[in-house]
Amino acid sequence: MNKLFMSLREESARKEFLADEAAYCQRFSLSEAQCAAILGRDWQAMLDLGGSIFYIYKLAMMDGLSMQYLGGVFTGMSEAEFKAAMLAGGRTDV
Amino acid sequence: MSEVIWGLATSHVPSIGAAMDRGMTADPVWAPLFEGYRPARDWLAQNRPDVAILVYNDHANGVDFDIVPTFAIGTAEKYQVADEGFGRRPVPHIEGDPDFSFHILHHLMDENFDLTVFSELDVDHGFTVPLSVWTPEPGDAWPCPVIPIMVNVIRYPQPTAARCYALGQALGRAIAGYDGVRTVGILGTGGMSHQLAGARAGFINPTFDHMFLEAIEKDPQKLAELSREEYIREAGSEGIELIMWLVMRGAMNAQVRKVHSVYHVPASNTAAGLALFDNRPA
Amino acid sequence: MSEVIWGLATSHVPSIGAAMDRGMTADPVWAPLFEGYRPARDWLAQNRPDVAILVYNDHANGVDFDIVPTFAIGTAEKYQVADEGFGRRPVPHIEGDPDFSFHILHHLMDENFDLTVFSELDVDHGFTVPLSVWTPEPGDAWPCPVIPIMVNVIRYPQPTAARCYALGQALGRAIAGYDGVRTVGILGTGGMSHQLAGARAGFINPTFDHMFLEAIEKDPQKLAELSREEYIREAGSEGIELIMWLVMRGAMNAQVRKVHSVYHVPASNTAAGLALFDNRPA
Amino acid sequence: MNKLFMSLREESARKEFLADEAAYCQRFSLSEAQCAAILGRDWQAMLDLGGSIFYIYKLAMMDGLSMQYLGGVFTGMSEAEFKAAMLAGGRTDV
């Protein structure tokens, strides 16, 4: 799965992925759960299924999503709430 | 005989680079950080070294997913800026110094550091953001050639803090024994406290960060004794990047003089820090 | 607690593999070598370990030209046989043992060896030829899972012989501390004297090779004290591969019992050697 | 140059190379001397211009040449002479 994310460094690969995501996933011999997590943009599931954050973030960037958006997803906040928490000094109590 | 004239420790958060690339440095969110950088940048502009050594980590951009070097050095004449998935940052490529790289490589190998050697390498924000913190307007070229030293901080098991500090000390001896340049600047990058993924995402620990900023100057040995687990618990899973500051510090004298330091929250999801030290006797 | 039960040192010349793959082992040029292997193979067939560790070098097949790790370990579940330019050797792929790999990795990192980690790796003749020397007819699978440890011997500066021997000693401690398997075989590969390129191409030094075969059993410390330059002068530019035998030897007991040894010239451009040691107390 | 040799691990690359060697060389931004050494199969020149023997050997293999042939080239012998020297115990005096 990380190999797929890594491949998205190339402009041409990003285009191919966006043109047919399911077909692109098939090239990397992923499990069904991994495929489903990617197609459904289930970011927590990608982490749980072995994705590393720096790799997963490549997909998020392609979608125009920020690390702060992902931070919100992982902690059950909206992006705005997560940003506000960071502006207030970050989550110091976890 | 070459001499380390300064050491610069700085976070390398991609959004610091993005704020600069998009002209957002006067934005209220960013202004305190960039105002804080100013005294360091002014001093650095007056103290240009012949060559710089930049200790950083790659974030799955320059190195393939299936290979993780613990410590690596670049020996290239030139390093290109990596495309991290949104095109290359609009900054100059980096000139290297292969002769100095090979000298350092030989010396470190003979001190029993098992380096991986990159004869070609694209460098990502972990490398270019610190260069931008140092030199916001490089024009066509960075102030001097730069040699990359790469440390694995993103996949367990990372090298221990003690091993990083020992690498820095050996690097200092390698630099002292080199005749090809006179003055060297060294950059340690990453940190400060942050965690990107999981339930602790957004974690910031200002108490630990302030302790670290103080100890990196006055008592680096104390920081070298912390375990991987302590770094991750106290600074977050990505805050362990701070071990790279110890490589820089190890290459410097026991006594250094602080020129300037800054601490700011947040830079994106991260606590950002900068510390600049003069390595020359007063 | 796991135990190294045997150590096998053997040349990995591609033409040894080719002779086997093409059924030329009874050929007059090759017969003495393969006859010499027979007692070792018979003994090894009676002494199958739970897992093997194979110390080897890649020859520009599994790893890209632009990255040279000094020491690396594979952590994969499976290693494919590399296409070296004439198709893959017709031998089985290799099953790995990720759990044992990670145990060794952690242990060696904490003993200050700076390993590079391969989570995927194709292995070339440096790996598969020793497996074929051990097991000429593997059928569908090799006798047990095998973990690759890779050493840079083809690009200067190679690790010193002393560092290789120290790595072996630390590896021995890592194995002793692992509960997941019981018995381990360890293979050190490469050598013996040879030089492929330049004016000294075809160089063979039987005096050095015989000294080495004797000392690897009885006085490995003496071999660990030789410099890179001494290896290249005495054993040829590719003969420095012999430092990999020291990794194997370091993982074994101070006293070992020789089961069998062979020395033969030529295997293609190389002096070929084999030495098999039983590591168990008599 | 080593990068070019390395690329010949792939069957498809070997075909492309053989179809138009000069064009293939151009893709790797070689010097003229390096190109000429490859096209002219000047093995000693490839070594002198920075080629490493394990990489150069990939080209030799493609040409059906052995390491013993190369050994002859480097030492001013025919392949048969070099083989004979190895069978006689190798070159012990260099």
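We just call them A, B, C and D in the order they show up, numbering each chain from 1.
Following the convention adopted for this analysis, contacts are C-beta pairs under 8 Å (C-beta built on N, C-alpha and C of every residue); 3 or more make two chains touch, one makes a residue touch a chain.
All of these numbers come straight from a predicted model, not from anything done at the bench.
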| item | value |
| --- | --- |
| Whole-Å separation of chain centres (CA-atom averages), chain A against chain D | 46 |
| Intercentroid distance (Cα basis), chain C paired with chain B, Å | 38 |
| Distance from chain D to chain C - Cα centre to Cα centre, in angstrom | 26 |
| Centroid spacing, where centroids are CA-atom means, of chain B and chain D in whole angstrom | 42 |
| Touching two or more other chains - residues of chain B | 65-66, 155 |
| Topology of the chain contact graph, where touching chains are joined (line, ring, star, complete, other) | line |
| Pairs of chains found to touch, sorted by chain label | A-B, B-C, C-D |
| Complex interface listing, chain C residues touching chain B | 63, 65-72, 105-106, 109-110, 112-121, 155, 157, 159-160, 163, 166 |
| Residues on chain B engaged by chain A in the complex (per definition of touch) | 15, 29, 59-61, 64-66, 82-87, 154-155, 193, 196-206, 265-266, 268-269, 271 |
| Residue numbers on chain D that touch chain C, as the complex places them | 2-3, 5-6, 8-11, 14, 47, 52-58, 61-62, 66-68, 70-71, 74-75, 82, 85-87, 89-92, 94 |
